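Each of the two complexes below includes chain A, the first together with chain B, the second together with chain C.
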Partner chain A sequence: MSRLPDDPSVKRLPYEPPTIIAHKTGLANKFGGAPAGRRSLPRIEGVPVSELVERFGSPLFVFSEHTLRRTYREVHRAFALRYPKVQLAWSYKTNYLDAVCRVFHQEGAWAEVVSEVEYAMARRLGIPGSHILFNGPYKPEPALRVAIEEGAHIHIDHHEELYTIEKIAKELGRKVPVTLRINMDTGIQPRWDRFGFNYDNNEALTAIRRLHTGGHLVLEGLHAHIGTFMLDPQAYARGAAKLADLALAAKRDTGVAVKTIDLGGGLPSRATLHAQYGPGADTKPPVDDYAEAITGALLAAGFPQDELPTLLLESGRALVDEAGFMITRVAGHKRLANGTRAIIVDAGVNVLFTSFWYRHDVLPAVDRGGMLEETVVYGPLCMNIDVVRPSVLLPPLEAGDALVIRPVGAYNVTQAMQFIRLRPAIVMIGENKEIDLIRREEVLDDLKGPELLPDRLKP
Partner chain B sequence: MSSPLDARLRIPSRLVAPLRRLALPYAAIIFGAHPLAGLLALAATLVVPAHGAAGLLGLASAELWARLLGRPLAQREEGFYAFNGLLVGLAMGLMFRLSWSLALVLVLATLFTTLVGTVLRDLAERYVGLPILSLPFVLGTWLALLAAARFPGLEIALDPAWALHLGAGVLPGPVELFLRSLGACFFQLSVPSGLLVLLALLVISRWAVVLAVIGFSAGAATWIALGGEPTALEGHLLGFNFILVAIALGGYFVVLSPLSLLLAAVAASVTAVLAAATLGALVPLALPVLALPFLLATLLVRYALGLRPVEGALRLVRGVPGSPERNLTRATFQARRYPDPLLPVFHLPVLGRWAVTQGPHGDQTHQGLWAHAWDFEVRGEDGQVFHDTGTVVKDYHAYGAPVVAPAAGRVVRVVAHHPDNPVGEVDTVNNWGNLVLLWHPGDVYTLLCHLQQHSVVVREGDPVALGQVLGKVGNSGRSPVPHLHMQAQRSPEIGAPTTPATFLHVLVQGAEDDAPSYQTSSSPIAGQTVEALPVDALAQAAVSLPPGLAIPWRVVRRGVLSEVRWLSTISPLGARHLTSSSGARSGIYADLAYLTTLDFTGRADDLLGLFHLGTPRVPFLARPGVAWRDTLDAGPFVPLWARILHELARPFAEVGALHTRTRVRAEERGLVVRTEVDGSGLLAGRGALPDVIEVVWAPGRGPVSLRAWRAETLLLAAEVTA
Partner chain C sequence: MLDHLALSESGFLFDSRTGLTYTLSKSGTFLLRALIDGADAETLPERLVATFDVEPPVARKDVEQFLFRLTDIGILGHADADDEVAA
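Presenting the complex of A and B:
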């Protein structure tokens, strides 16, 4: 290519076609002065990103045990300071990596599962049935039978499920404690009314009466999952007040005191939604506000002191999101036809499903200077939709440079798919900075193992 | 301690109860409750049969009078009336010849004794809080003697010479004098009687024998050093007073310790002076001193010791006293294992996990009259009590957290209008700030201060339930940063002097401890974090031994299979036990927070014994990582000789204790309670004690599996078969 002599004192820069870029630095915006300074993330929990890439390759999911534990304790503390009986249940679907689940279980979390598969995962990790909340709109009868026999807490979603559980209880010859899922208007949109029985039109109380009259089930708890990424704590206050009201009505009607009130999940993380203007970390109310709203409503509801129900919470995202990082490397860069800078990285929406919802923070591991420029971050898939960030300020980057994308702890691992590419390795940085591989990089057999090729089609 | 008499002597079962009734009053005279000791003492009185007969007559008639006078069964069963009557009979039998007249006098004198006993006991229990011991006997005997002077029908008798000479001169003089003084506890003056009483005392307590020697030596030495006639010790029956006073104050009423031994010696010396004084005072009436010096010295000292505000090294025995060894064992273990019954107990006034930033006798403000108080704040994961900058009260984790009633009671005072101070400023005019003052049953008050302005949700006069929300933590009054101040007090004024108190069922974590530990009662100090025991429904359903529950075990020990059956029982008074078909027995206590086993009796390697070791206490929690320690008496688990060795050494050093460390984890099978047993505190007899015991509790079933290991070798595996 080059005819220049190999002069070691001359460092050749990669060629970049010339473009004209408007300088945006220093413009006043809604928040005042110049944008925040240049940002990079050379270390995760004190471990150099370069070392992680060197040892485990890229792309690479990294989880911080310290952040997992700290976040759990902060959330738990916010509620435990305000209410005497609080139990968190780790929402498996958010991230059911064994190592992540075990950290939360060690911290005292129960398991919240929404399928027989997740149920088996929790049991495999040594969680007794009595510490599992079995949720979800579809639970096959054999799975229900196992869960009932093992003493799990069953959340009933619809009447057919109620009848099935009644049938099982009849066969077992004992009363089965159950929780009813309730939906309601908590003053927010969209209103989630697809799970359970409606409060506002009295369907819920009717279901409770039916359940009690059947004689085979005992109402143990009430559950509501009012929405996801809820940014208004008062919605929870309204939800908690309605559940408490229903619990007291149930006590008046049936004489049975409800033992648990479950406010589900939906607490936001510090991630920024695409629709949000400011950074999520600044707009998200502190968890104390949610705790104050929920416990305040329950304590003011008028339960007798010795019949205060246990408050259950099924947080997922709020506990795990910030503990997860994705390390990816630049594969190449280009100027789009309109002059916009673009980079191609080795992790795309196949492993970063939340890119569809979040404006992820994308940070270079090393900032070598140069002008910040609006950049499109494309994934490695041969698909037009594979965009990690449509636009983010980044310094000039070269192929092989590492980027850190955060927060990615929630939903990405469980929803990562083997589409075009196999799934990457996952490591956890322990409390003492030890690094453990908690899921190896996939090999072709992991994808093709279950397939069966008829003899007549064999090559 | 009371070994099954019937099993050893093979007495027909229908005779056991009457024999016990007969024997126990004899043992009670020397502070014992052992039937064998009673029978030995009975034998001592029968060396001269006429004496013994008079004693039996006194005992029988006093018992009869007590029954006719409708005295409560419990008082009669403990032998109070019987032993006072017995003593009247023995004293009169020594002085008068056995005759119908004596019998008549005895029957009437015991009636008087029983009446005096009834009235004095009632008055003493009601107004003084002291046992009156043998005071009725002294008064009853004096009455009989004063009356006898007018009735010539009573013939004065002297001890038969053969009895006095029996064994005389064989032993050195002082030893013989000691033995005769021992016998004089039962008004028997012969050496064989003294030997039998010594044996009885040995059966009751080895330490009682030591105390008897100390008391006798100190009393007699004082008497002789002051120039008293040595013969008077024997002639006026003074020596036994020294012995009894030493046993009573050295180990029966006061917990055995080096200092109590000194107390026994000093009290015996004082008794010698009291004996001389009473002897002189009673000359005009021609009455013997009997047990008066002992009674005066013992009751005076016992009463005075009870008035101390702080116990110090001389600890009084709590509850019904037993033998010195038993009292010491109880004081050593139960006092440590369970809350002091005299302290007011509370639950934490806050929810969640809090740091104690100042405890009792703190270095800032909890001093002097206000020493017994706690300041609570909340620390985040970074160790700070605030987030963000900490420059406004809202940054503090504690600010706004609910304050709850630490016990049920009634609201006495509410102050809620003071504004919260800016961070760093204090209001020294309204020192206590916004507050709630609660009254609790037992006339103890709690003061909760520095609450948030207008946050109090209760009103004066409201009844409050344990755990009911009262208000929110704030920063009013003398409070530079948001925190809660709690103190217990004995009067209803705001800021009255404080009184010691303790918190029930807390998880305590020290600054350097890695794991939180469960404490049944705790008075946390600065630097510790505390949290109410998180009661777990699974644990509560599993760790349960409801009365009537039968537990059939299949036990494999060294390859040998055996079966044993336990039954959970409850007495009409509510005492709960686990009894095994092997004959072993263990007490149970359970409430809403924990279950514990107490006072195991049975063979050292019995399955129930291992269960007792493996269940020192089980709080109803399932949180892994929480550990708790306990200290158990190794007594039932070592051979008799090792037990006696431990008991003899225990006043000087803590020996014979098994230290346990227990953890729980929830598993598929249920709640696994794993206890490590540390036998390094034993001088001897470690034998085959296990070092790890694991008990599995299943919800609704109770214990279902027990395994014990020693040096990682499985000693025993037991499973419930049903």
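Presenting the complex of A and C:
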């Protein structure tokens, strides 16, 4: 071995661009690219990210069927271990991709819908009315008629809706079972008091008496969705206790035992909110804490053994968020005027709505080494708001390099819009690593199809 | 004269005029070391190519941006120590 180690023609050092990063006071050790902090995500469920990009392009949503099922079973088990009658209903608006809904339905979930459109989606997927919870502040009368005829569980939001359902029941000449949506103070801020009838000021109990004396409706259940991304299990304990108390009061007043108590959704996912300090996965209480809080309150409420209500849950985010990934590619680089490094990627906030709430994990598919640097991740939209991550430590990247953004399974697909760019393809990786396209990439006609151009304006 | 700059081999830089500290990548450390040792800025691209696995056009572009950045944040070219430093 007679190689001269410093003969440049023999071996030059691997290159990364020359960069300099100023230390911010107090944050010095966040910089410097310590190897311990380096993370990358070369595969999703064992499938190389590079293969997914090659086959389906970028950006690309990827769902893991395995994670969907595992998460569902975890949540269901946490409650079923502690309470004899538990039924989950999949909250459609969180993600109503057919493939995602079907996975949850196969696992045993009912459907929770908040419009006639979502109702039709569930029916289309073979869900009978008797397995649909129909929520929402606006249910047009024809939709209510269909739902009543098909035996769906209607959650009443306000007085006008109550009257409409009474009218329909009268016409049909039969008693219609209904659930009342309740809002209340559970000690958390902001308080969600715009949906349903208030518990604390007795509006709810008054509505129950009113409904009972009307003679056309039967109180079947009580429902409360106390908020979303709830980090305090005790809020649920208070909510469950109040619903139980209301159920027992209703029984005393009307003689009718409530059959279901529905605590809605709101369990957090492992995402990190912008306002949170540490990673969300570390601060999120385990689902067992929520199960303990809710079932503990119900079991302690004093229901007679044979009148213990069925516990319904409408968890959305917590079931689907971690199963969703977004693959995106670097389109270009910038050095901003203040010296900050920025990259432009091909997925923007039009398809990653949760960027406004979450500090998403942004991981390079491949880390080729080099210094980590605080980087702004911009989307491809010509809009100032298009920021996927205001700041994240990333290694040097080149145009075309893939990044994986997670968790993105909740709310992004349903709220994605064709703004400046069309919506990307979506694939699902199956339990046996099957890779199925579950929604194709959009074409211009998907956007322009419904438009009509008057003759006089035709080109 | 760059004797206000103390640069370690690992890429840690202390600017005694401002009291600010920085981290540089390997190639950044290499280039700034050369400047501190008196190298002419013109020669930096060739030096970079001789030592690192990089093509000359990329080296020229990267050196230019790097020098621009050093000036921009006040490491190079500002006589006045009170200049604001973007950090």
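The rule is simple: the second predicted complex is superposed on the first by the 426 of 459 C-alpha atoms of A that agree within 3 Å, B and C clash if a C-alpha of one lies under 4 Å from a C-alpha of the other, contacts with A are read in each partner's own complex, and residues count from 1 in each chain.
Please note the rule applied: a contact is a pair of C-beta atoms (placed from the backbone, for glycine too) under 8 Å apart; a residue touches a chain by one contact, two chains touch by 3 or more.
Predicted model only: the values in this text are computed from it and were never measured.
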item	value
First (chain B), second (chain C), both or neither touched by A:P190	neither
Which superposed partner A:G126 touches (first chain B, second chain C, both, neither)	first
First (chain B), second (chain C), both or neither touched by A:P18	second
Which of chain B and chain C A:G339 touches, first, second, both or neither	second
First (chain B), second (chain C), both or neither touched by A:G151	first
Chain B versus chain C as contact partner of A:L81, first or second or both or neither	first
Touching residues (chain side chain C, partner chain A) in the complex	11-13, 20-28, 30-32, 48, 50-54, 62-63, 65-66, 69-70, 72-73, 75, 85-87
Residue ranges of chain A in contact with chain B within the complex	70, 73-74, 77, 79-84, 106, 108, 123, 126, 128, 130-131, 151, 286, 292, 295, 299, 305-306, 308, 310
Of all residues in chain A, those that touch chain C in their complex	8, 12-24, 28, 31-33, 335, 338-339, 370-371, 396
Residue numbers on chain B that touch chain A, as the complex places them	350-353, 378, 380-381, 387, 397-398, 400-402, 404, 465-469, 531-532, 537-538, 622-625, 666-668, 670, 699
